[in-house]
Structure formats: structure tokens, C-alpha cells
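The following pair of complexes shares a single chain, subunit A, combined with subunit B in the former and subunit C in the latter.
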Partner chain A sequence: MLEINPTKKIQRIDKDVTETEVEGSVVLLHIENGQYYNFNKTGSDLWNGLAQPLSMNELVKLIVDKYSITTDDCQKDILVWLNDAFEHKLIQFVD
Partner chain B sequence: MIVDSIDALTLAEVNNVLPNQITIFGLTVQLMWQPIELKPQSEYECTPEHFYLNICDVAAYWVNPQLNQIIIERVDATINYTIVSTWLFGTVMAYLLQYHGYLVLHGSAVLISQQAVIFSGDSGAGKSTTAGALVKKGYPLLTDDVVVVKTLADGTMVLIPGPPKLKLWADALTLLEHDSNGLQPVVNKRDKYQFPTDNHEVKLYPIGRFYELNPDTIVKGISCDELFGIDKLHILIKNTYRYNMLKPLNQLSIHFKSCSKLSTQINVFQIRLLRDSQSMAKIIDLVENHTAKIN
Partner chain C sequence: MSNKLIISPELKLIIAILTEHVDLTISMDLNWKYFVELLIRHRVIEQVYTRLKNEKSVPESVKQQLDVICQKQRLHLLMLSGEVVRLSRRLTEVGVNYAVVKGVPLSVNAYGGITKRHCKDIDLWVDWADWDKAIAVMSSCGYQQTRPSYSLTGFKRDYYLKRNHDFEFFNPQKNVQVELMFRVSYLGVDFPNLLQIPLKLCEINDNQIMTLDDTYHVLLLIVHGAIHTWHRLRWLLDIYLLIQQQKIDLDKLLVLAEQFECQHMVVQCLWLIREIFGLETQEMQLQVNKITSKDLKIARLLFEFIVADYELTGGHGIFNRMFYKYRGYLMQITPPKQRWRVIKNDLFKIDKIFSSINLPRGFGFCYYLLYPLFVLKYVIRRNF
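Now for the complex of A and B:
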């Protein structure tokens, strides 16, 4: 699992990606690798949240505020999502 | 000779004429029957600037998409228009249609209650046979093998009808009680014949339903599941015609968005069926029951 600096801003790599929404969930096509990605509700919230650069802490806050849950409840899942998204080159750190 | 209607197209085939221009799936295309200069080394090339396909012992096709021009170099004069049209109306037109941003799916379609109903699936799954069985019941044929979808200005997605022909295997012909005498053979497909159907629909039709056919040895008779959400999108993408041309054409993005939009406008079903003498009757029953429920 990648160690993610929680205060460092993260951004989407939009240029290689086409997105659409199917029944409220974000579905992405990565044009370079030809893969499709389907996000669940929270994943869609995170992707949509990253319409502007946000840090991991800010993403956690976004989910906590939206669903009225505790930080502990969602932090680990968000870390997993971020790891996957980094691995599949959907997001990157802002320089 | 300019052939610009479906009637004249059929006539050209019967008379073995080589047309200079055809209008097919709404696109007017120039056909040039001459040698291709500077042929590529490979049998197939697909770029945004040109398309090349060489079918051994038949013909080579070169497409200039900016001019909607296709050069066809036949191996010799025994290769008639009917044989050439097998690939011309399939892969070659699909390139042009994808180039112009149309959504091209693999399937056959008939008209039921003023809506296009599409039958899709792998080669041999029964798309043409199912369409043929429904045509026999009186439903007009809209297209066979290549389904072309266009997005109108208001966002509605409609089907553009294709040439009024069905390609059927010899055993399917027997099932539908036609014999193959007097029908033109379609080369390179074992025992598959073309027979003209009666209608020449040139209007655009809203799309109602999409059925993916899956032959199955385990299912008892027939099973049908309606799909929702992401599964619908997946099935439409999966049944794209010549999917591998989209990336070289830089049309992956448009294709993705079109499939997504289409999935919100139609009902999508996955059918599993045992291929036996009853399977056509079962599909027809199922499709007609769905029609009754919708109306």
C-alpha cells in the first residue's frame, strides 16, 4: 500500500480519460490502456470531488461531511481507493 | 452507373453491374473499380487517413474517408458485386461509419411496433436466423449483421436501416423453409446465402430493445434476464462491430459516450437458449410477449 502524504494535493489525469455517468455512478474509459472503470457511490464522490485538486485529508472531510460518518469509518477505504486510482494512472500528485 | 437507391442496388447485383456510387446507411460513397496504387505490405491498415483491407483471392479495398471514396481491386472479373459486397457492407463500411462518429454494433434488427429491436451476439449465435424468423412473421427487416446508430440533435438515438438482405446458413434456411436454389452464395462463410427481403425502409427508427443471444447447452429451453446500469453499458460495448478500429480512429471516447447514452434509452436483455428446432419459436414468443407488456 502506497504511503500517501495526507496534505499533498491530488489531481485527476483527465487527458487520457473519458467519463460518463450510469445511474449515478461514474464510469471511466482510459483511452490509452483501453480499460473501463466503474466506481461505486463513494468512489464516484471521490472522483467528482477531484474535479479540483484536493489532498487526502480534504477528500476524507468531503465524505465525512456528506455521509455524516466518522473519519475512522472512511479513511482506510479512501486510502485503498486512492492507491488503486494511482496504480491505474487515473490520478497523480500535483507538482 | 450511379446507383442511389436500395432497389437499384439489388438490380445491380442481379445484372452484375458494378455501381460507381451507392448510398448505404445514409452515407453516399463513391466506388472505384480499379487497381490500388501503392498497396501496403500488410493485409490490413486502419488509420484516421485511410483504411486498407486485402481479402485473399477476392479483392482489396482502400478507403479515403475524407472523400467517402472506396477503391476496390478485384482479383479478377469472376468476383462479382455480390461477393465484393460481403466485406464492403461489413468491415469497410464500418470503418467509414465509425470515422464519421456513428455507433456501429454487431447485430440484426427488425421493426416491431414502430421501434427497432436489435439481436446481437457472437458469430453463429443466431442473430440473422432470429431476424429471418421474425421477418417470416411479418416484421420488416431493418438491417443484418451491422447495426448503425445515430444520435439526433435532441439526443434521441435512432437506427439507420441497412441493405435489405439477410445472410443465412443453409441449416437456418431449412428451418425457415427456404431452399438455397437461386440464392447467391456469400463467399468465405460456409454454406451461407443471401436472400433479398421485401422491404426497403429508409426512415430512421427509435430503438426500443436490445437482445444479446447466447447459445447454451445447459439451459432448459430459454432464459432471459433484463440488464440494468453498468451491465447494460458493458453489453453494448461488448457487442460493438470491429471494436479494434475505434482506437486507431481516435473514436473510443465518442463510442463510449454513445454506448452510455444508448443504455439510458433502451431495454437490454441477455438471452440464453438451447439451439434446437424449437429455439426460434421460443425467441419469437419471448419477443412478442415483451412487446405486449410494453404496449
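Now for the complex of A and C:
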């Protein structure tokens, strides 16, 4: 699993995807590999949040503020989500 | 609206939603099955469902049906827009001049999003000089040519390139169809070479694709709508929205239309927008008030095509009275000098037999002699 500095800013890579909303959740299509990504509500919040550069700590705060979830659980889940998103080249670190 | 023009309550509701009437009156007596059929035919499900999904008076089964269609449509539109970007990138990489017309850029320009307007395929216009390079790009992107379905050599090649303006491709993995056009020509309205047309950029998620300049694009939409008798409300809605958002310079459009000898199509379109959607700007009023009695007669016929059920009752084959009405209409909107060409192409669609018959070089004229036999076979096979 990728080591993620909790203060380093991350942003989504918009130019490689097109997106729409289905049943209130974000669905992405990766332009080059033609793969669909169907996010759940939290994933959609993370994706929408990453329209602007945010650190992992800021993402955790975003989700903890919105849902009744402990910070520890939230951090674990977000780390998994970010790893998946990095692996599929949907997000990148920004300076 | 004129008294003689009758619109069903189902279509009236659709129009009220499309024109964003604040107070919707939803009758309990509506035929919902017919309503859904109309939405499918007019390709306006997304706009109507977005408005109706929270209406209590709409049966749940109807909402569910529309929801399923909308979700499927959005996923397909997502794929189409992805492919528009991917193909645009590849064409740019190899230096091909192109423009994406209708479809995705129109959806972004008139509806504000890539999944807000239904479309079935991608229309890509490339310059003839770049044709071979464009074909190579299509192939490298996983597209197979589906039309023409026969190899283009000799007589068949000359015939096809003279009468058609596009090739059709399909990507089976992505379920995406592309019409690759090398010229735009409808009923004697011949658009200039792509290189002579001003283009503009359209933004799709941080990507820029090329499309036509607004005036040319709108004129192309109007000619396209006219040739298809405007029988899908979506085509008229496109123009309505662009006028409403002041994205059409009517004066420039009319100057261009005059140059291409299709002002009558523009005026008929404006009349239809006024009659059906109730929109009339000051600029529109000036033009619509000048409508000639001939154009008014044609516009009324178009209205009949829009509200007619013919597409829902077996299409307009040669046994349907609409078939003959349609031919009559085509003759009326075609410039007199081009009528013979249109009649000939319509009566002798000899390319329909190209895939099954191969005649030796120099015998191309025999396709014309064989074609009536093909029509006869079609008539005999049909059960009366």
C-alpha cells in the first residue's frame, strides 16, 4: 500500500475522465482505458472534494464532519480509497 | 397557437416541461404508455424525467421505467464523450483537421453538460485531404467500418462518394458508433470545405475539442432538422434553447442561410419554435412575420410530422401515406435545380444492392437496371 503523507495535497486528474451522476453518486469513465468507476456516496464526496487540492487530513475532516464515523475508521477507509484512485490514475499529488 | 393544429395532451405536457412552465397541470386521464412512447421518440427523456421524478401524480411504474432509461442513457453518453475526447486527441496527434458536430459539443453548449442531451453516436467531420489518416485513427482506436459494408472500388466508389457524405464505424467493445463525414451536403445545401469553416473550442473536463463556429453549427442543425421534418422535438429544442440563451446571432445566421439558399428552412424552424414552444424574440418576430404563404404551408406540414404517430406505427415505408407526404415535402424544400438529383437518388438507391451484386468494370449502369427487381422482391416479400 502506498505511503501517503497526510499533509501533502492531492487532486483529481480531470483531463483523463468524463463523469456523470447516477442515483446521486458519481460515475466516472477513464477516457484511455474505457473503464467505468462507480463511487458510493462517500467516494463521490471524496471525488467532488478533490476538485480542489486537499490533503488526506482535510479529506478525513470533510468526511468526519458529514457522517457519524470515528476519525480512525475514516482514515483507514480513505487510505484504501486513495490507494485505489492512485492505482487507477484518477488522482495525483500536487505541489 | 393556431386552432387547426392539434396536439395530444401527452405531447402538451412534454412541451410544458421542456419550456419549463412553472405550474404543471398533470391530468389523471393521461395515457402514460403513449407518454413514454412519445418521450422515447422525441428523445427528451432526460429533460422530462428530471422534472417529473418528484411529481406525486406520475405513476411510480412510469418513473421507474424512465429512471432505468435515463441511467442507461447517461452511461452511454459518458462513453460517447470519452470517445469524443480520445478520438480528438488521436486526430490532433496526427495533424488531422476535424470538427465534432451535434452530439456532445451541442449538449455542452445548449444543455450545460455532457449527459444532458440524448444522442446515439458521434458525428466527426474531417477534411477529405486527411481522410486516409482519419481512417487509420479510427482503426487504431478499435473501430470497424460498418457502412459502406462493401469494398469501394471502381463504379461503387464513384457512386458512393458522389452521393454520400459519410462512412459509419462501430467500436464493439465500447458500443459506440461514429459517423465520419468528409463533407456536409443535404438536399442541395452544400457546406464548404471544413478548412473554410470557422471552428471553435469546446471544453469537456479540462479537454478541448474542436467544433463548428456557432452560426455554421446552428445552420447545420437547422438543415439537418429540416431534412428529417423536425420529427424529433429534441432537434427543435436544441434551437429553442440556443435562442433562449442568446447563443444565436439571427442576423448572421440569416446572411449565411441566404448564401446557402436555405433561408426558408430557417424561417420555417423559427415559426415552429414560436408555435410549439411559444418563444418569440423581437428578432424572431421580424422574420416570422415575413413568412411567405408557401413557407407557412410547409411549416404547417412539418407541424403535422412532429405531432404525427407515424414513427410509432410502423415507420414510413412505401405503404404508409406519410412516405408520400415526406417525398412531397422534400420536393418543396429542395431548391428547384437540385430536385432531379433528389428524385433520382430517392428512386434509385442502387447502393442497396452493392453488397450482394458485383458487376464487372464498365457495367455499372446495369445496377440501375437490376434495382427495380430488388424493389419488386421487397414488395413481394411483404405480407399484405
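Here, the second predicted complex is superposed on the first by the 94 of 95 C-alpha atoms of A that agree within 3 Å, B and C clash if a C-alpha of one lies under 4 Å from a C-alpha of the other, contacts with A are read in each partner's own complex, and residues count from 1 in each chain.
Note that in this section contacts are C-beta pairs under 8 Å (C-beta built on N, C-alpha and C of every residue); 3 or more make two chains touch, one makes a residue touch a chain.
Source: prediction; values computed, not measured.
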Query raised in the report: subunit B versus subunit C on the shared subunit A, clash or fit?
Result: clash
Requested in this report: Check the residue A:V80 against both partner chains and state whether it touches subunit B (first), subunit C (second), both, or neither.
Outcome: neither
Query raised in the report: In the superposed arrangement, does A:G34 touch subunit B (first), subunit C (second), both or neither?
Result: both
Query raised in the report: Which holds for A:D14: it touches subunit B only (first), subunit C only (second), both, or neither?
Result: second
Query raised in the report: What is the contact status of A:A51 with respect to subunit B (first) and subunit C (second): first, second, both, or neither?
Result: neither
Query raised in the report: Is A:S25 contacted by the first partner subunit B, the second partner subunit C, both or neither?
Result: first
Query - Partner with the higher number of touched subunit A residues, subunit C or subunit B - result: C
Query raised in the report: What is the contact status of A:V94 with respect to subunit B (first) and subunit C (second): first, second, both, or neither?
Result: neither
Query raised in the report: Any idea which of 4-12, 22-30, 112-120 or 256-264 of subunit C is the one running into subunit B?
Result: 112-120
Report summary line: On subunit A, the footprints of subunit B and subunit C overlap at residues 18, 20-23, 27, 29, 31, 34, 36
Query raised in the report: Inside the complex, what are the residues of subunit A that reach subunit C?
Result: 14-15, 17-23, 27-32, 34, 36
Report summary line: subunit A partner, complex, touching residues on subunit B are 228-230, 232-234, 237, 247, 252-253, 256-257, 260, 263-264
Report task. Spell out the part of subunit A that touches subunit B in their complex, as residue ranges. Result -> 18, 20-23, 25, 27, 29, 31, 34, 36, 38
Requested in this report: Spell out the part of subunit C that touches subunit A in their complex, as residue ranges.
Outcome: 71, 74-75, 77-79, 81-82, 85-86, 113-115, 173-174, 204-207
